[in-house]
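Per-chain residue numbering starts at 1, and chain names A, B, C, D, E and F are given in the order in which the chains are listed.
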């Protein structure tokens, strides 16, 4: 059944942006602080007996680097094919940076073999505090509802995703620090899609050649909250149930982190996927982003899928998209 | 329908304790660290126009004090009746310390008027990180599943509730620091019930005359996780879904925080309530605690209630229990 | 997610009234019958040992009076502070009359201490037949679906709520019969909110100084039934499933009991609360009432709450509203 | 999945009866009162244009008679085949008396054509207060939870089902008062099954030749309430949630109305059906009844059906059972 | 709550047809193939001991005939009243042909006694593959999602319902082959309603005097799929989740089987019922059909019923409709 | 919460087998028929532009072969690494044969790249009729409930899974027919796990070196149906609801297809995974199989996972298991 606007309306849906006047200043200043902070990246080769089944083809590193601000070391997996198994572009390896969905973590390195064995390097990074190996040690000034969505919600400087977005930008610096790294593709689904959009806007000077967000979360908050019926937007709602007077103040904070406002600031090619039955990240939020993208862009619409999106089909679309861009 | 053992079995249910050998040492050392840390409590009288409707009868203070460890100021409300409205025991005011349920916060001070207007002082404190005004700024070493149950789960020293339990003990010090404070009663439901049990065991030398835990959470973890079908035990399960190899290690940590193990260490009188249809904090976990309590104890069983427990009925039971104890 | 119109539309929503031509005649005649019927109120002081914990401050009476028509004695609790604990207005005690929500009852007297200990008298009355101590002994002419909503639905004279509304008006007479009674405030949530509106319209000559309905039920039936997705409106729907030909006849009956039609007939000040996620009493039904109120009025909107409404926050709003009105 | 004991255990399950000592006295006295009360039955032939489609074969009467106690006229439909379409036994028409399920009513007369057109007379009666044309005008002494299960629960004399059971017995007198009536068969499903059992025990001297209860409700209350997960037993539970101290008193009342206690008092042949996945009327309650039946008895077990029971299959079993008994 | 357009809009709702240009050609050719195929109908009288209870009044035959295409014998029950119990029209018996709902089967013959004992003959037929005694042995070229809705979906010639519709038309030939058969009425609910509409359009030259579809399925696919929230349209959605690129191709196939496109091709009188809360076969799909019917037509609207529709009430409407048509 | 026996009991759980006396004869005869039927396998290289992104490393073939019996061509994908990317054992490629879960299909070939790029060949085959490209064209003799579980249920020779099991055995012949094929590993989850067990027992003479079933379906039917609460066992239950008299006959059929009975007939090494919260394929059914396995065996238990099982963790376990076996 229809859960949002009909497709014809979605295709035309281009709502007003919600960025505050100091949106760009806010991020320039945040980036300046982040850039000034040492990365201190470490790459530890995993014991090969742990992945003996594929150690002849791929090297797997346990990566750590300083997250934004004090106290948080971010963990990631870096998989890089051995010489005979590499795909190369101008003598460098095209590299994927992947962000994960809400409440997840980097998981097992074997989950990324499908990219590595095709010849790409890949860095998969944790989201701080979430169910990986990375804590969130920012010093907050108040509590929040169960989950991450409302941590520091009342002030943009303290909002949880300010730190997450910077961690994700810093992950680009991490791969950029490797001599073998060639063109960088960024991707992720759901929260990972929202992070992909933010990084595409905030780190476009760092060699990102394309962004591939799927069913992105953290986009067009006001509309999403009117339409969603499952998933973590509920945390905001639960927070507001107890603090009804903070709604507008919260939306002001969220505007700094809204994929809608990042969209017109993205210049690299984007391959976006949207699912029309997505009750977690409603399709109108994805179309709103898409219709504001200014650069080269492609859309994949899954008319009867929910938040699982295109799954294997979209995965293959991304293989083709990356391969084609590298050919061009 | 029956969700746990029949009542007759519950009444006899007295499972083995799960405390590790160093259980007491762990807490003695933790208490020593906590006791050595300054409290730095502040009491700020709220602007009386905020509660003009009752300001002739009650003073309301916004309280803050240092939580356990670095970086966390714990917030609370302290309501104390004015002279004409006080109940006294040996020239001092009997005082209630109340802990709240999982995912909540201290809320509004007006929520505690029912005690204050009966003539008691009351301190209602936040649980760090949860939906109040108190952050959780402990420096963790890894992430966790959405929620608080799995923060620092793999090491007792880092487990979230180690800090919470100490914050709650320190709240006793906070009221004890007031000259007007007389005998202290501690109470709370669900998580607040679990905290009441922990504080009754860990702070019994601080003038606590009775504990009144309702439908306590954080008790008899192994059994609770076999029986529960709703509520935050699910967070542990979700964590273990992704990390199946950490189950035993986690249970070891949890044993240090289990109300079951605190029960035989409680010497003050206890009024406990249990609901036989409680699918969040199963009745067998409450009975297990009750049957291990060594001191004076009373039980209120609500045969057809769920986690809401006895609600108003139990509230009145507590009014009577406090009043009677003070008469005695 | 949005469950009804957006806020901007709600603020303008002022649907046509549905009152039949003889609406006022119907109620005048009903009131005449009721006024002619003896009240026969009894006030029995509860044994003080039942509430020894607060008997030094408050007197608690078990109240009974003749409900509308034959055979139904309505029960209530009347709490009145002792001399030293009273708040007074012109030498009389301001008094709250409280109506409860659907399927409930007066409950325990201790549930009303928060008002009594602030210095007010309070009468909390049962709704006949529902889960209190009051039967519904009206002689009906047919059966109905499980619940109370469809009892006598096919004729306004026999409709259940005709008797309930009159019982509620008679409760005002009950407190008015006490020598200590000063200005009367009426309040209630959900069904209690609907009753508050009806009484405010039907008993405004009896010294009611303000009405405080929360998330009112029994308002704007046609719209509510289009929008609701939970709660007792379902009883009407279940009745109509088996008797599809009675829908219009039923709506005609309901029009006599609709808060929408009472709204323009209310002259005392009103403090109304509405929750925008209320799936039981949809927000458009509350706004429809509010926008038809003719007298002094204030609105509290809870944008992300459901039928629980503003809970403690709204409770405090009412404390302030009562206090301020008495100051004025 | 299994929702109660395995079949082998059910077949042996014969729990202790729960009848109080004065069980038989209670019912003898109740029957005496009922028998002393005039029936005042009226049979009004429906306008034949309402059922012109079958008026050449069947007469349909709208029946009313005095229910037990004051003020309640019970409605029913009486269908009797015309001369050419009758089945006869010793010159009289075998007659079905049918009781309906909880929350229902007699419905439309056309719903009983399947019996009438086979040649039987049939009387289908309302249950007072429920969704038919019959009110429940007993004068109760208190309210109850939404529904009928808790009306008058605290005193056997006032319990709702005391009146219902007597209405059902009186319905036998109603058909017995017709000159054409031959042997009587009683039947019903769910509540109708419970009523069938009660009538079989209480009215066995009135010419009932067999009872055919399906998936009976109102049987073995304690066990049913331990096992059920849907349906009206929940009303008792909801009542007890607010009045936890009345549980034992309530069970005492219920013992007078429990099909379990009627079972050994039934002497006519019984055809009983039970469904092993019945979560409303658990199979162990049906087997408990069956295993206590003293007379001739047959059981139909539906291993994978829920409360819908054997539906058409069982309906045909009843056609065969009636036909065969009449042959014999 | 409202689940589709308001009634006023429904009454005007007359969407564009979706028939392809070769819609009629497709069906003419299909009918030609079907008509050329031998029926080979067999009528086996059931052993009368199986239905001894009614064998003096009715004959029951187990019917089989060749379904459309190779390999599928379709099963049905044929009940015909004995001489004394027949209703006649011009010396022939008016006959009902009934199609069943999705996932069902012909069930027990006793389920059709209500028609037979009124004096009509009735043929109740299986739907191939579904839960009756008839397999679906068409040779498909690919698999499909669990269920029948997606079998052969990508080509109209192979679509499951092409065969089902022809089986249903052939069932008319089956009764027509009986010497006793008079005027034919066709009916069914849900899927049976969709089949009734298809047969009314495709077999109108075979002596069908009226069609009585209830809450018809298989109508106005695009709208239905936008509005439904339960039932077998979900199978299409699940199929499209995995094959998103086949949506338009599938809708093209479905257009050949859409009741919407059959509506203007029906010339016999139609009695249609629609339920406004039907979440399986949304009311707008029923109204769309009704508003396109060109011949004599009547509508029964059940405003608060779901997919159960008018149940007994509608059943009686059909008794009256048939009876009246035969009188005229 | 616990959904089946505690782990200690599971580890000892070894129920009686349910194989009929002619179990082995049944399968020998079935295998004989199958072996006598030509395979007629075709391998069509996919157009490389469809998988240009990886065509330099892998060849992908669209495979078809004759399924068991008449009329059904089974589809599969065969991926084989190019020379430089192969892993070899004695000059041949170790090959995976993978069966999918209930209601699925072979999906996209890119879903199998993770194995192919590690150097293995892999054949992924459809299950007939299910949501792939393979029809089920067996000629059945009756219908069944929605789904595949009840097709032909009343006779072992006609049961759906007889044909599926043979298709799966024939898939082994398909890879065996390739000159490059070395040792064969078979695997699959859920239904794929059940198929793996059946093939391991029935095709052990065809060069299968190990079987890796995950959370297997189709095992220990009686127990599974007592414990399951979701998934396709429900189809059997729905079938039995309408045909209660066929239960034992059905269980007899199922015994021929029960993984429990195949277990002691498996001689190759088995790596089995079981999830203790699996409500679709209950853990006791998996343990029952494991405890009856006679050969070399390893178990992976996921204590808090449901039917998703060990997911990535188990996937890696299989990589390691295969790699280690090939080393040995």
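Here, contacts are C-beta pairs under 8 Å (C-beta built on N, C-alpha and C of every residue); 3 or more make two chains touch, one makes a residue touch a chain.
Quick caveat, the model's predicted, so the values are computed rather than measured.
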item: Graph separation of subunit C and subunit F (steps between touching chains); value: 2
item: Path length in the contact graph (subunit A to subunit D, fewest steps); value: 2
item: Greatest separation from subunit D - chain, by CA centre; value: A
item: Option in A-B, C-D or C-E whose residue-number contact pairs overlap A-C by over half; value: C-E
item: Self-contact between copies subunit C and subunit E, residue sets same or different by half; value: different
item: Separation of subunit D from subunit F, taking each centre as the mean of its C-alpha atoms, in whole Å; value: 52
item: Approximate Å spacing (C-alpha centroids) for the pair subunit B, subunit C; value: 37
item: Intercentroid distance (Cα basis), subunit E paired with subunit B, Å; value: 64
item: Shared interface positions of subunit B, touching two or more other chains; value: 107, 313
item: Pairwise chain contacts under the document criterion; value: A-B, A-C, A-E, A-F, B-C, B-D, B-F, C-D, C-E, D-E, D-F, E-F
item: Complex contacts: residues of subunit D adjacent to subunit E; value: 52-54, 57, 84-85, 107-108, 110-111, 113-114, 117-119, 312-313, 315-316, 319-320, 322-323
item: For the subunit A and subunit C complex, residues of the former touching the latter; value: 225-229, 237, 240-241, 244, 247
item: Subunit A - residues contacting subunit B, complex; value: 71, 103, 105, 107, 126-137, 139-148, 150, 232, 238-239, 242
item: Of all residues in subunit C, those that touch subunit A in their complex; value: 1-2, 6, 277, 301-305, 310, 313
